[in-house]
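These are the structures, in structure tokens.
Both complexes below contain subunit A, partnered by subunit B and then by subunit C.
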Partner chain A sequence: MMMNQRNTIYFEQGWDFMQKGITKLKNILEGLPEPQFSSEDYMMLYETIFNMSTQKRPFDYSQQLYDKYRESIEEYITTTVLPCLMEKRDEFLLRELVKRWLNHKIMIRWLSKFFCYLDRYFIVRRSLPSLKEVGLACFRDLVYQEINGKVRDAVISLIDQEREGEQIDRALLKNVLDIFVEVGMGLMDYYESDFEAAMLKDTEAYYFQKASNWISDDSCPDFMSKAEECLERERDRVSHYLHSSSGTKLLGVFSYSLLNRSGDVFSVSGCCALLRDDKVECLSRIYRLFSLTPLWLEPVANMFKQHVTAEGAALVKQAEDAASNKKEEKRDDVELHEQIFVRKVIELYDKFMAYVNDCFLNHILFHKALKEAFEVFLNKGVAGSSTAELLATFCDNILKKGGSEKLTDEAIEETLEKVVKLLVFISDKDLFAEFYRKKLARRLLFDKSVNDWHERSMLTKLKQQYGFQFTSKMEGMVTDLTLSRENQTSFEEYLSNNSNANPGIDFTVTVLTTGFWPSYKSSDLNIKAEMVKCVEVFREFYQTKTEHRKLTWIYSLGTCNINGNFESKTIELIVTTYQAAALLLFNTSDRLSYQEIMAQLNLSDDDVVRLLHSLSCAKYKILNKEPNTKTISPTDVFEFNSKFTDKKRRIKIFLPPVNEKKKVIEDVVKDRRYAIDAAIVRIMKSRKLLGYQQLVMKCVEQLGCMFKPDVKAVKKRIEDLITRDYLERDEDKPNLLKYLA
Partner chain B sequence: MKEDMVKLISAEGFEFVIDKKAAMVSQTIRNMLTSPGGFAETEHGEVTFPEISTTILEKICQYFYWSLQYASGKETEFHIEPELTLELMMAANYLHT
Partner chain C sequence: MTRASKRKSDNHTSPSVKSARVDSVRSASSRAATKVQERVDELYTKYANKSSSIIDPDGIEALCSDLQVDHTDVRILMLAWKMKAQKQGYFTQDEWRRGLKALKVDTINKLKKTLPELEREVLKVENFEDFYQFAFGYCLTEEKQKCLDIESTCILIDLVLGLKYQPQVDSFIKFLQSQRDYKVVNMDQWTNFLRFCQEISFPDLENYDTCEAWPLILDNFVEWMKQKPNV
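And now, the complex of A and B:
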């Protein structure tokens, strides 16, 4: 057995044996004809080391064996490997290097196997570098340090060749670069400092040059497509043979060197031209390239914003010009232009949103740019009407019967959606709400709404976007109508049950809850006895349903169907209550003067002029006027036109509504005052103590979702609240405000 | 020679045929069998141990199997005759087991 009969192996003897094995290994590596190692050979070699390391002192040769191990490797390298490498260059050098490196790795593996006993105990005990590390270090110190410069240059020149379009051996490059990595033994230091740094510099110089060439030769789109091609190829390079850690750095250098120079190429006008000409491809390319360095997207986004703003402003101007071109205020034409304007704005929005989505891949910078651009030109207003009003009118046209738009249900939904989106950009959202409410009231009361479902759907959309507060009143209005209908049914039942209560005329009442609906002037119209009876009957009926509710009659909103007994035939006239009241006067007298009519009706001049105009100077002349002019003056006299006739048996006499615009704006301003007050009190109640400036800022912030408050107005309200003892100024610091409970 | 069997040959020429998996318990044997650019033996799957006696080699083979069993969770005893202990330890050291 090995232990008992062991002879001490002396160093020279043992080493001699090992040397034979090592030489055999070297020969195999060099490709010389040698039989392969048998397992017996291996065992013998292993055993020799084993024995020499486990002998008793002073025959424990572990240290010497360790040193000899290193020496063998070094000797091999210096005598055989290095000379081979030094005489070669460029691609040959690279190939030789790879070959030698692979050989080296094999050698280390074999030697480690022979010497592995050392690895187990000796090395661990003395905390020495392992056999593998020693082997690697030898190669690094003797070979790598010598030639890495030359290798690097060879690699870089190959890369540049590939850039110029030549085919190169990518596998070779990968192998070479792997050496750089492996030599670091876990760290990337060698790769980075010896190779990567130089490679990046070379890339930079290369692309600088290219950029200058292309700028002078190529147009912007061509430049961009070439740039993108190069980008793809560089990416390709990283995936195929460069180390992955180089990826981001390389692309950074690439974009810096290539695109930095060309900053001039992309002046505002350049990109604007692209946008104008709708060069989607090119824009997408620009985005892709510039997105490598996020900082650079900003100028592109700015330019996009400017372009959109310019386009929007052009639309506004167009609309303004069209409006001022009209000599008279032909209502239909003005309306038409407003419609067109809103439509165009919607188209603009769609177009540029598509850009943001497709070209700019939904990048937040571009969304922001779009938003800001729209905010700028949408808040300017056109020909005296604010955009809020225009949008409300637009919706009105879509939602009312006989509006200028005839759309399918889907189209209506879609368009309303767009309006809601555009509303985001408008700062005076409360103004829109007020206008919309007014128009909604008209639609509901005069039964002009195309489709109840659409009305509700629009309100839902608005509610989703802007909250319950925004639409609560409007929803109340729609509900009121439904309730009213029910009410009417029970009223009719009541009438049929109490025959003595019957007023003799068919009569419908719509009950509106005051808070929800816009405020209407109620007037003391003198109505005829027949109508008075209707009113009384309903009042009685309503008392039976609820008490503690006061009914105020708004005659200006009513309609009346009245039969006109003309000489030729009887025609049914559909008129407003005011007009009906006026016509009924002629039941008792044939001629009446303006003054008489006014006195009998008990209405204001405005109302009288309007209604008489509609009856005598408009399309249907129910009354004859002396003198027969186109306008009403207080000295006119009116006569029933018994000769009037028309093809139809039933005609509607249109009474143009008062222009509500001024009133709406007044209402909104008033509401805003209250809103500001409420916001201030709310803020102060929670904070108790707050600086003046901060209060103003917070106020503006809170109210921002509905409208943009004027800072002066806010300040005024603060002062007002101070005088009303809601707040007080701190004695020591006048800029600090305290809340008074 | 079957795919996953190896032959261990003792000093006296005795051949022990065991699973490759069992043999791999020894690092030394594993190194030899998995070395690329190979030993002639890798195809044949034979290893000669001119310095290890049959008795010891037999015990070692038993150890290999026991080790595998122990690794898969079974708790069994591995009995060693006292006379063999020292030699067995030396062999274990040699084979890096």
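And now, the complex of A and C:
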């Protein structure tokens, strides 16, 4: 009966009871001697609220209780909390604030427990702010709004003190700043506008000042190390007590105010000096500081680029000077300087790549700067030779027997890798390919390759970097040789099976597939009967193996072992076919004039001069020349030098190759014309209608991987295609081009 | 134009004429038309080569002297244009008829008098471009010939554009004669030169942009212009 029937609790009565509880709570918070709340105390208070809110009208006091709740808090704040705070300042203020805040939170927690029932039903039903929210709002509106200015100033002042090296209570600051955050109740608005903005401004002013001091007092490295220290400390600050959202903004302000002032310090010459003196640490520091504001990295990257370009240009000049000093001297010397140049470029690349990797932490801006710098000086050429050619010659020296470089296998691989990397910067890649191909041909045909494996490895590297098209012909060349060797075995079998076909001379033939190999002039050399027989026999043999294939004989690439029966002894001479043919003429005549030789051999002046020079004016004088001068003239007369001798039984008489440079360049220019045409037609075929400028752009883009087409050249090809009716101009818009199917 | 044709055209376009009168007028005009045709053909025969029945260069020279116009005069070219003549130095009967009919003339005197009118017509904006391109094509004498040698080009361009764009033409001719890169000029380059004269301010060449689709020969011309010292 007692349970069911509840007595109505009247408001004053109920509130009076509650008030006692609230007062008790306040005393506890104030630190006055009060026993803690027991569970019964708590239950009673809770029940009172419960009853008062569930009574029937007009005894349903929910609204009043809600209001009273707020009033209690407000009363407490205004009478006790605020006065306490108002009389304090600086650090004391902060401490008091934190204490009061914590207390406040405890109070809200307890009060919420008492008034809990309201939270569950009344507040929900009326969509009112929760008890917790009300509590926080009270603190915010009465306390926070009143003192946040003073608090802020105190905090900032402490921060500045810490900057000057003093120890401060970081936990305190963290707690204070947490308040700024928490009063936002989910939003950072209060923190940002009441604290952060001022803090950033202060930071800016602080570092502005510092920068001015340091600039006048310190050298660049010192400045940088101090700057970096400060940066670390600011970072520290953020992680320890500033809110994480301040991080980026703070560092931004820091770098702006500190580094902005120091424009002079980082002028081009300043940083250049650092690079020149290899001040790696300082540069790394600069990078770390500047990377805070990406905008700042650009000038540093530019300066880096300028430095690298200057260094590269210096190398080029060095090489040019060396070349011009030597003048017309020996080919070897010139080659040596070219080798040295390439080596130095590789070293430069390694050095600055290390910078990019270590100092500048692989940042893309610096990769770009390096690339652009190398592109500038590597595309200038040295003493009339393009860098493409120099690189090809360099590779040749590494890959051929008796080249100027004697390297281990590993070293060869490494160096070739570097060359492939450098090739990226060269715009005339097709020129490199052509020179490389020409030299590869010589290496293969005269068996001068150091190692077949290295040749293939290099081709693979090139293929990986530049695609199948780049190396397809060269790979074909290498394969040709392998096939040729097999072919030769069959040929020898054929000879042994048909003894009457045997020409009586050991004869090796290398069959080349025309498309893969550089084009060679085939000359109509008059060869002796014995050699003719060899050619015939092979031709017959070849017909048995394949039909519909035409063989063209390139005598200029052949070698011959021929016995020279000199008075003292017989010496075996290793010569080219041309030289052999010339020597054999002396089997039937003792003396021959230049003109006679030329007529009988049916070769051009160039060829005749070269080969006679090698036989009469070079290291081994197989022929005597009248007059005995150092050069060949058309009036000279030649005689077999029977008195010739050498301690070796077998000697090789070197015939210097024709300078193919001009031809290579011509071939490349011609190929480019076709390539441009093909690209234009390809683009227009797919687009049908395209603006002139876009066409040129696309063309340059497509061809860019092999060479950089001259815009004028592209224009010319477009006009040519218009004349050949592949394209036409639009009648109304002359800048628009149409594809004619 | 000639009075005779004017009278005829009035009759032809008048809608209010009664049918009977139309018939009589028509027969009258058709009689008149035949007369004109006869005179035109007569004139043709006068100049045509007796064996080939085509007016050949000799005939044209005779025509020119009768017209009191030099045979290298641009007006002959204009006449050829009006006739839509195919081959330089020759007029076929069809072409002759077409031209004279279009000009509405049937005697030499009338033809002579109509020349100024013809000139004005050619110089009209809507006709000039057509005439200009025709002129080039007309000079390609060989079959499948697509280009004109430099010398002929210089003469032709002076003839055709000399009056309208004297300074450009003078400079361009000087340029063509001094350069070595081009030995012939094709239709595309020819056409674009007119556009050049029309669009590009001369002699400052301010608005010329090499990045646009101007033929390379004009790029070279502009470069040459900019390099030579100012007269």
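Keep this in mind: the second predicted complex is superposed on the first by the 734 of 741 C-alpha atoms of A that agree within 3 Å, B and C clash if a C-alpha of one lies under 4 Å from a C-alpha of the other, contacts with A are read in each partner's own complex, and residues count from 1 in each chain.
The working rule: a residue touches a chain if its C-beta (ideal position, glycine included) is under 8 Å from a C-beta of that chain, and two chains touch if they have at least 3 such contacts.
Being a predicted model, the structure only gives us computed values, none of them experimental.
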For this session: Using the overlay on subunit A, decide if subunit B and subunit C clash or can fit next to each other.
Result: fit
Problem set entry | Partner chain(s) touched by A:R120 [first = subunit B, second = subunit C, both, neither] | first
For this session: Would you check which partner chain A:W553 touches, where first means subunit B only, second means subunit C only, and both and neither mean what they say?
Result: neither
For this session: Return first, second, both or neither, reflecting whether A:F304 touches subunit B, subunit C, both chains, or no partner chain.
Result: neither
Exercise. Counting only touches as set out at the top, which of subunit B and subunit C does A:I722 meet: first, second, both, neither?
Worked result: second
Exercise. With the two structures laid over each other on chain A, which partner does A:K712 touch: subunit B (first), subunit C (second), both, or neither?
Worked result: second
Seminar exercise, completed: Between subunit B and subunit C, more residues of subunit A are touched by B
For this session: Rounded to a multiple of 10, tell me what angle the C-alpha centres of subunit B and subunit C make at the one for subunit A, in degrees.
Result: 120
For this session: State whether A:S38 touches subunit B only (first), subunit C only (second), both chains, or neither.
Result: first
For this session: Return first, second, both or neither, reflecting whether A:W110 touches subunit B, subunit C, both chains, or no partner chain.
Result: first
Problem set entry | Minimum C-alpha spacing, chains overlaid - subunit B and subunit C, in Å | 78
Exercise. Can you pull the subunit A residues that subunit B and subunit C both touch?
Worked result: none
Exercise. Along subunit A, where are the residues that touch subunit B in the complex?
Worked result: 1-3, 28, 35-40, 42-43, 46-47, 50, 54, 106, 109-110, 113, 116-117, 120
Problem set entry | Residue ranges of subunit A in contact with subunit C within the complex | 692-693, 696, 711-712, 715-716, 718-719, 722-723, 729, 734-735, 737
Problem set entry | Complex contacts: residues of subunit B adjacent to subunit A | 27-28, 31-32, 35, 37-41, 46-53, 56, 86-87, 90, 93-94, 96
Exercise. Which positions of subunit C touch subunit A when the two form their complex?
Worked result: 146-147, 186, 188-189, 192, 195, 211-213, 215-216, 219
